[in-house]
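In what follows, a structure is listed as C-alpha cells, so that the remarks can point back to it.
For reference, chains read A, B, C and D in written order, and residue numbers begin at 1 within each chain.
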C-alpha cells in the first residue's frame, strides 16, 4: 500500500528497528500471570501520589468516585434548600423567608437537583462501573473524562458561590423569557444560571461521548450487543439522548445570555422575536431530561432484580427495545409542558396521545421486572427493598403522568402542586430510590466493605414512608388550588394540613438521607470486608477484586453468555497479549465484539485540568463582558493543544500516549 | 352531584377536620368547564386505580409465591436462561391491556376537550384581562366607549352567561387561573390568548397567577364574583359612575393630596384630575373585596397599612413607600374609603 | 472466589491503528459531529420558527444579505475539498511527504476563508441588535465560524506534528485522515447555512 | 472526599474574586423618605461645574449608581412617566438628548436627581411631588446610565420594546465629566 520511494532511508531504518523491538515487549499470558503480572500492571497503571497526581489522574474509577461524591454533596445542598422551603410553607402567610429569597431557593433547588445532582450522579456511577461491567481496563478518552468532571465541578461551585454572594439566580430552573430577559431580570442572576448550564452541558456531552465509545468499542470479546447487560444498554440510550437533548438547552441559554449581554432580540416580541421560542427549545431538552435521569435508574433496577432474583431479567430483548423506544418517544412530547400557552388545539391531541404512548414501554419494563421476581427467588436485602419501593412509588407517578397528559385535565393541574407531586414521584421514586439501592449494591465494589444492613433498612423505611408523607398530600394541595413557586399561601383554602404534612415528611426523608450517609461513612472503616462477589451477581464487574486494581482486570475476560459469572464453572476464559509496561486495552467490533484493535491508554496529564480551568475562567468572565470570549480563545487553545501534544518526540515500537 | 364526588375525593382532608373552604379548589363544580373537568378526572382516576391495583397485585403475588420455598442463597444453575412461557403470553396480554386503557383515556380526553371548547361557543360578555407585575387590569368591552368599565383585580360575572375573556400581558408571562371556574391560560407578551367559560353557581371564587412572574408571583390573586344577572347589571351601572366628590374637610384634604401628589402619577380616579395609567384604577376601590391583587382583604386597617408602607406588605412591587405624615395618611385613607 | 483464568487466544498480533470505524477517535469525532449537527439543526429550527411568525422575510425594511462574499466563500470552501481529499488519500497511503506539502495549503485556505467571513459579517445588511431575524442569522454565521476556527487550529497543530518524525506513525496518519473527514463535515454544514442566510430571505 | 473540597475551595476563592461587589444585586426600596435632594439655595448655576467649587458627591449616590435593580426600576419609570415624550430613548427631541455627555446642569447622579426633582427652565417639569425621592434617584441613575456612566455589567442590554439604540451593556463609557472625576 505504501509507495516505498516516498519513505526516506532514515525512517525505514527506524521502522525496522522498532519492528525488532516490538518482539521484546512484555505482554500478559500464560508465562506472565498471577502475582508478578499484577505487580507489573500495578506499576504501570498506579497514579502518582499527591495533589498533582490527584489533579492529573485519568483513572475512571477515581473520576467516577469524585462524580458520585460531588453529586451527593449537591444533593445534600439541594435538600437543605428544600427543607428551607418546606419550613416556609409549613404555615400559611408565613414571613420567615422573603419572596426574593424564596425565588432564589426554588431556582437553586431545581437547578441543583437537575443539573448538578441527577444527571452527573448517573454518569458518575456509569463512569465507574461501565468499564468494569463490559470488561475493559479504562474508559475511552480518559482525559476527556477527567475534563468533564472538572467542568461539572466548576459549574456547580460557580452557581453556589454566586448564591452565597447573593447574586444567585431567581428566575426558576426553567428561566422563562421575558422574565429572565434583560428588562425583567436586571443584574447578573440570570446570567449566572445560563453559564452554569453551559458548564454542565459541556461536561455532560463530554461524558456522554466517553460512555458511548466505551460501550460500543471497548466491550470484552464475545459480549455481543445481544449479551450486553441491561445497565450498559440503559447508559447507551441515555448517553445518546444527552447528545441530542443537551444542545437544545445550550443553544437557548446562549441565546438568552446574548439577549442579556449584547442585546440580541431572539425572545423580544416587539422586535419579531418570540417568548415561546424559549419554551420550545427548553422543553425539547427539558422533557428528554426526565428520561435522561430515569433510564439509567431502570438500568439499576434491572441489575438489582437480576442479582437478587437469581434470574436474568425476563425478556431481555423486550426491555432493550422498551429502553430504545422510550428514548425516541421522549423527544416527541415537549409540547405537553406548554398546553396552557394557547397553541393550536389540534396539535394538542397529538401530544396527548404521544405522551400516553410513553407509558407503554415503561409498562413493559415494569412487567418484565415483576415477571423476573415471579420466576426467581427474591432475597430482600436493602437494594431489593429499594426496587420494591421503586415499583410502588414510580407507578403512581407514571399514572398521574397519564392524567396530566390529557389536555383538559392538564389545563387545571398544570403548574400546581399536583405537578410537583407527580414529578417528585417520578424522579425520587423512579430515580433516587434505585440510586440509593444501587449505591448500597455497588458500595462493596467501590470500597471493598459492606454497608450495614440494619442502618440500611432503617434509612430505607424512613425514606420510603417519609417520602409518601411528604409528597402524597401535595396532590391535594394542587387540587385545592395551590400553584407552584409561591412563597406563601393564604389561610382558609384548606392548604394548611397538606402543607404541614409535607413539611413533616420532608424532614423524615432528610433524616433518612443523613442516616444513609452516616452508614456509608461508618462502613468505610467498620464495615464487614466484602467478598469478591458479595451478592452472587452475574456481571463482569464482580470478576475482579473489590475495590478493583487500577488496571481493572489482569487479563481481559471473554464473555460467552448474558450472565458470565453464573455460567463459568470456576474458570474464566480470558484473552492475553496486552502490553504490561505501557497502558493498553482491547477494542472490539461494535456488534459482534470480535477483538479488533489494541488501544493505548493515555498517561495521566495535568492538561485536562488546566484546560478546564481556562475554559471555566472564560465562562465566568463572559458573564461580565462578552469580550472575555474573544480573549479567552487563546489560553483555551493553548491548553487544549498542549493536552494533545505528545510529551516525548521519539518513536516507540508501539504507540504510547504520554 | 359532581360536587359530592369532588368532596369524596378530598375526603381525607375533611376527615382530618380542618375547616375547609372550596373557593379556590377544582371541586367547586361552579362552571360547565369545571363540571366536565371533574367527570373526566374521575374517569381517569378509576382507570388508573385499576392499573395500579393490577401492578401491586402482581408484585405481591410474585413476592409471596417464591420467597417461602427453598434455600434463598443458591444461584440456580441451568434453566435460568429460558424464560417462563406463561409469562410471555402474560406480557402480550399486559401490553394489550395497557394499550387499550390508554386508548380509552385518550379518546375520553379528546371528547372532554371538545365539549369544553364548545361550552361557551356564543359569548354574551367579553372582558379584557391584562396581566401586569403584579396585578390584573380589567376592562369590560362594549360597543360604545362610554359604556366600557375599567377596574382591577376583581371580576364580576353574571351567572349562566357565557363569557369570553381576552388575555394579554404587559410585561412577563402570567397565567389566568380561577380553579373553580376554568382551566388556566397563559398571558404572553406579544400574543393574544383567550379563554371562555360559563359560570353556573353564584358565589365568590378566588383565582391566582399560575405562571411564575417574579418577586410577588404569590400575591397576584384575582377575585371573581359570580352574581345573578340583576346584581351584575347593578354593579356594572355603578362602575360607570365616576367617583363621588369629597364631603368632609378630612376627605377634601385627602382628595387634594391624592389628586395633586404622587398617587396621581400612577392611579386614575374617574371624575378627578388623577389620571395615571401605571397602577390600578381607584375609582371604586372601596367597593372591592381585596387590596393589592388579593394581598389582603379590604378593610380600614389594611388600607392604612398598605398606603403607609406598600413595600413591607408586598415587597418589590412597583408602588413606592411615600412616607406620608400621619395627618396626610388619615386624610388619604378617609378619602379612599369614600370611593365605594 | 475470583475465577481463575482459562487462557484462550492472544491479541498480541492485533494492530494498534486502523482507519475508519475501527478507530476509536473516529467514533469520538462522529460523536462530536452529531452534537454539533444537533446544534445547527436546532438553530435552523429556531430560524424557521421565527420566520414562520413573519409576513415578510426578512421583515419589513430590511434587505437580504449581499450575495457576493457569501457566494465567494461557498466557492472557496468547496474548492478546498480538492487538497483536502488529496491529503486524506495520502494519509491512507502513508504518503507523508505529500501530506507535509499539502497541509500548509489547507491552512492557507482556512485563513482566506476567515478573511472572507469577515467581509460576510459586514455584508449581512443588519446588526445583531436590530431584530430577531438579524440575531438568528448572526448566530448561525457565528456558530459556523467557530467550526472553521476550531478545525483551522486543529489542522495547524496536526501539521506541526506531521513535520516531526512522529508524522510517520500510524496514529498521526489516522488523525490526518479523520481531520480531513471533519473538514468535509464543516463544508457540508456550510451549504444549508448558505442557503438559509443568503437565499431563503430572497424567496 | 477531602481532595474535591480542596479543589472546590481553590475555585471558590477564584470565583469569589470574580464575583465581588454583589450588593449591587440587592433590591432595596427606601421605606423611609431620604430627605432633601438638593441643599437649600443651591441653584442651577452653582451646580454647573464651570461655576464655583463643586459640592461633594451626595453619599446616597453609591446606593443607586451601580445598583442593577435600581437602574431597571429607573428604566421602568422612564417609560411609565413618559420621559420618552421629550427625551425619546435618550436621543433627545423637545428636551435635550441624554445619551451624550453634555450636562447643562451637571452629570453627577445627585445633580441629575436635582434636575428631575426641581425641574429646569424651558419645559422640564419638577417631579418632587409627583415621585418619591427614592424613585427620583432611581430615575436619575437610569438617566445617567444612558451615557454609559455606570459600570456596564449593572445596566441591562435592552428593553422588551422596539428601540434602535446600542445596547446599554455595550455603550462605550463616555469620557467622565470633570465634576465626576472630582469625586469618583
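Throughout what follows, a residue touches a chain if its C-beta (ideal position, glycine included) is under 8 Å from a C-beta of that chain, and two chains touch if they have at least 3 such contacts.
Computed from a predicted model, the values in this text were never measured in an experiment.
A.B. asks: How far is the middle of chain A from the middle of chain B, if each middle is the mean of its Cα atoms, in Å?
C.D. replies: So the centroids are 38 Å from each other.
A.B. asks: Just how far, in Å, is the C-alpha centre of chain D from the one of chain B?
C.D. replies: Centres of chain B and chain D (C-alpha means) sit 39 Å apart.
A.B. asks: On a C-alpha centroid basis, what's the spacing between chain C and chain D, in Å?
C.D. replies: Measuring from centre to centre gives 46 Å for this pair.
A.B. asks: Just the number, please: Cα centre separation of chain B and chain C in whole Å.
C.D. replies: The separation of the two C-alpha centroids amounts to 52 Å.
A.B. asks: Counting only residues that touch at least 2 other chains, which ones in chain A make the list?
C.D. replies: In chain A, 100, 178, 183-184, 259, 262-263, 265, 268-271, 274 touch at least two other chains.
A.B. asks: Return the residues of chain C touching two or more other chains; collapse runs of consecutive numbers into ranges.
C.D. replies: If we look for residues of chain C contacting two or more partner chains, we find 129-130.
A.B. asks: Could you say which residues in chain D touch two or more other chains, in rising order?
C.D. replies: Each of 27, 158, 160, 166-167 in chain D touches at least two other chains.
A.B. asks: If every chain is a node and each touching pair gets an edge, what shape is that graph: line, ring, star, complete or other?
C.D. replies: Shape of the chain contacts: other, as it matches none of the listed patterns.
A.B. asks: Following the definition at the start, I'd like every touching pair of chains, please.
C.D. replies: A-B, A-C, A-D, B-D, C-D
A.B. asks: For the complex, which residues does chain B have touching chain A?
C.D. replies: The touching residues are 9-10, 12-13, 16, 18-27, 34, 36-37, 40-41, 44-45, 48, 51-52, 55-56, 58-59, 61-63, 65-67, 69-70, 72-77, 80-81, 83-84, 87-88, 90-91, 94-95, 98-99, 102, 105-106, 108-110, 112-113, 116-117, 133, 171-173, 175, 177, 179-180, 182-186, 188-191, 193-194, 206, 208-219, 221, 294, 315-316.
A.B. asks: What part of chain A is in contact with chain B in the complex they form?
C.D. replies: 98-100, 103, 172, 176, 178-179, 183-184, 269-270, 274-276, 310-312, 314-315, 318, 340-342, 345, 348-349, 352-353, 356-357, 359-360, 363-364, 366-368, 370-371, 373-380, 388, 391-392, 395-396, 399-400, 402-403, 405-412, 414-416, 476, 479-481, 483-490, 492-494, 496-498, 536, 561-563, 566
A.B. asks: Which residues of chain D touch chain A in their complex?
C.D. replies: Touching chain A: residues 1, 3-4, 6-8, 11-12, 14-16, 18-20, 22-27, 68-69, 71-72, 75, 152-154, 156-162, 166-170 of chain D.
A.B. asks: Flag every residue of chain A that touches chain C in the complex, lowest number first.
C.D. replies: Residues of chain A touching chain C: 1-3, 6-7, 11, 14-15, 27, 29-30, 33, 140-141, 144, 205, 208-209, 212-213, 216-217, 243-244, 246-248, 250-251, 255, 258-259, 262-266, 268, 271-274, 277, 280-281, 284, 531-533, 543-545, 554-556, 558, 565, 568, 570-578, 586-587, 589-590, 595-600, 633, 637, 641, 644-646, 649-651, 654-655.
A.B. asks: Which chain C residues qualify as touching chain D in the complex?
C.D. replies: Residues of chain C touching chain D: 129-130.
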